[in-house]
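In the two complexes that follow, chain A is the common piece, with chain B as its partner first and chain C second.
Up next is the complex of A and B:
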C-alpha cells in the first residue's frame, strides 16, 4: 500500500467516525479541530482503525495517535 | 469553611454538591457498572442514606471537596467531581470525577469537568501539583489527561485489580506552572 492510499483510508475512517467531510481531514486535524474527537471519539477511532487495517494497537500506540499526523506516522510504520 | 467554589466551562458548571442534591439518579449512577468501571467506588454498596452521609462528610472539611457537574442550560445534574487528598503544606492534591448521565458521554463533559476542578484547585485553593493515579487500561481517561497536558511520571506495577486481573497504574501529574502557561491559555478557561 502506498502512502496516498494509506492516508486516504485514514481520512475516510476519520470522516466516518467524526461525522465530517473527508475533505476537511488534513494534517492539522486533531481533537482541537474536530469537535467529536473527545475521549469516546478517540476510542471509536482506535477500534475503527484496527478494523480498517486489520491490526491491534497497543495501549501506548492508542495514546500515541493524538492527531492526524501521528496516525499517519504510526500506521506507515506498522501496516 | 463551606465550599462556595464554582467554575464554568463550555456547556457545564460545577458547584458544591449538597445533601439535598442526592437523589435516585445519583444512586443509579454509582450502581451502574459501566459508570464505575474504572473507579474504586465500584467495590462499595450504596443506598440513598449512605450517599447522603458521604455528601455530608465533605461539609466543613478543607482537605476534600465534593462538586456536582451540571448542564449550564438545563441545570441538570449529570455527574460528580472531587478535589481530594489536599495537602496545603506541600500543595499536592488529586481529583476524581464521573459523568453518570450517559447521554453526556462523548460531549467533552469529562474534559470540562477536569478543567473546572483544576481551575478551582490551582486558582482558588492555590495548590501546586496534582498527582493522579489512573488504571493503565483506562485509555479514555489517559487520552483526556494527555490532552490537558499532564505528564506521565511513572508506572506502578499491579497497583489495581481490574475484573480480577492485576493492572498497572499510571501516575500522571500537572503543575501550577503548566496550568497557567499551557493549559489555561490553550483551553481558554
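Up next is the complex of A and C:
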C-alpha cells in the first residue's frame, strides 16, 4: 500500500467515525478540531482502524494516536 | 422498500462492518425522513456501554422506528429510581435499558469471599424499586458467566463457585421478569457470548482502561436483541407464514420423486433439516402464527404428503389457508392474504426458487421473502427464528386459537356465496356480540391488540399492559372490550374502545378492531353501545374524538361521521371531531344479538 492510499483510508475512517467530510480531515485534525473526538470517539476510532486495516493495536499504540499525524506515523510503520 | 432502507442498503451492501453501520446511521440522522414510530430509550448502567447507541439506531431504523437514546448520569444505579425528581423519572422514557455488570454491582464479586446473599438481596431490592417507580418497559440483562474459575477445578464446598452464583442470580432475574412479564424483558448475555465466543465478546484493553468491556460484535448483538423487544412493542411482529412445498417443507419434488422419495425424516441429512424446520413452524403455530401454503403443485399430491407421510409434522388442520395450483405466486399470495384479511407487511414467504422469490419481492415488496439456503441446509431450521420476526411481547388465549378462527372465516366466506341477500346471510350467522367493561383477565389481550392492530385503528396508540392497568385504575377512564362469536366459531376478544372524561366532555382515546370481524357492522353496534352507555353513566354532554392517519388505517378515515361526529379541524394527518351527546346517531342492527357486561 502506498502512502497516498494509506492516508486516504485513514481519512475515510476518521470522517466516518467523527461524522464529518473527508475533505475536512487534514494534518491538523485532532481532538481539538473534531467535536466528536472525545473518549468514546477515540474508542470507536481504534475499533474502526483495527477493522479497516485488520490489525490489533497495543495499549501503547492506542494511547499514542492522539492526532491525525500520529495515526499516519503509526500505521505507516505497522501496516 | 422505504427510503430509510435504501440508505441503509447503500452503506451496508458490501459488508455490515462497524464503519458501514456508523455511516448509515449518520446519513439517516442527517435526513428529514419520516419514520413510522419513535421510541425514547433511557440507559441506566454501571459500566461504559455507550458505544451501543449507533447499533440500537441501526436495528430500529431498519424497521422505521426513530429513536432517542439518552444515557443517564453514570453512577449509583439506585439513585436514578430513589429520587422522584431524577432526570430519569422526570423524563418518563418509554423504554429503560438497565445494563449491569456483576463486577460493578458487587464489588467483592471476584473474591473467593464473595457475599452472594448480600448481592442477591440488593438485586431483589433494585428490581422491586424499579417496578414501583416507573411504568416504562424495562430491558434487563443476565450477568455474564465468568470465563475463568477462581477456585480451579475443585468441587470443594469451602470456596465460592462463581459460575454457580451467577447462574442463581440469573435465575432470579429471569424469574422476576417472568412474574412481571408485561413490563420486564431480559436479554441473555450468555446466549450472545456463547454465539460470539470470548474473543468477540470482551475487549480486555478497554475493560481495564475505560470500564468498557464489550467489543462491537457483542454490542451489535445486544442492540439487535433490544430492537426485537422494541419492534414487538411497536406492533412490528409478523403474523403469517406462506410456505412453498417442494424443497421447502421437504427435500425433493413430490410430483417427480413421489411420497416415498422425498427427503423428510428425523435422523438423516438433509431429511432432518426439513423435519426440524417443520418443528420450528409448528412451534410458531403454537405461538399463534398463521401457517399457509403457496405451491405450484397438484393439490392431491401435497395433501397426500401432509396426511400420510410418517415424518410430515405439518398437517392440513394447521393450515389457515392455501393456494396449491399453477398460478403465479404473487397473485396467489396477494389474494390469499386479502382473504385472511391481514396486511402484506405481516407476511413472511419462504421458497427455494430464486425466481419465485424475486417475483414476490418485486411485486409485493411489503412481504418479507426468505430463500431456502439450498446449499447449506444445516442453517435452514432456524431461518425463521434468527430475526425475531414473529416475536410478541405477550401471548394470549386468542393467539393459541388463531388458526381455528381463520378456518372459521373461510367457512363463513363459503356460506356467504350461498346467499343472494346480505341481510339474510348476516342473520344466518347468528352473531352474538359481548360488550364488557374490561376484566383483569383481558388486560394482556387488550394491550396486545393496541400493539398489533394497524388497519381498523382510529388513533394507533400503542399501550403496554401497565398502561392499560393505569386506565383501569383511573376513574375518569373506561375501557370496553368486544368479544364476538357466531355459529361458525368464537372470534374471541376482537375490539377495544378506550374513553376518558373531563367534566361533561368525553373523548375517544382509542378505538380498534381486529380485521377478521369487519364487514358485518359489528363495529357500528360496538361503538354506538359504548357511546350510549358512557353518556348515561358519566352524564356526558359532548363527545370528542380524533383520527390520526397512518399508512394503513385509511379505512377508518370517516368512521366517526357515521355516528354524527362533525369535523372541527382537519390537517393532512389528523382530524378532530366533536358531537353533542343528543346528536349521536344510532342504527338498529337486527341480526346482531348484544350482551352487555357492566
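By definition in this document, the second predicted complex is superposed on the first by the 79 of 79 C-alpha atoms of A that agree within 3 Å, B and C clash if a C-alpha of one lies under 4 Å from a C-alpha of the other, contacts with A are read in each partner's own complex, and residues count from 1 in each chain.
In this text, contacts are C-beta pairs under 8 Å (C-beta built on N, C-alpha and C of every residue); 3 or more make two chains touch, one makes a residue touch a chain.
Just so it is clear, the model here is predicted, and its values are computed rather than measured.
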For A:38, using the defined touch cut-off, is the partner it touches chain B, chain C, both, or neither? Pick first, second, both or neither. first
Once the shared chain is lined up, is A:17 touching chain B (first), chain C (second), both, or neither of them? second
After the superposition on A, what does A:59 contact: first (chain B), second (chain C), both or neither? both
Based on the superposed arrangement, let me know which partner A:48 touches: chain B (first), chain C (second), both, or neither? second
Shared contact residues on chain A for chain B and chain C? 39-40, 43, 59, 62
Chain A contacts chain C in the complex at 13, 16-17, 19, 39-40, 43-44, 47-48, 51-52, 59, 62
Under the stated contact criterion, what part of chain C meets chain A in this complex? 17-19, 22-23, 26, 48, 50-51, 205-206, 209-210, 212, 215-216
Over in the complex, which chain B residues touch chain A? Could you list them? 105-108, 110-111, 136-137, 139-144, 146-147
Chain B-facing residues of chain A, complex: 31, 36, 38-43, 46, 59, 62-63, 66
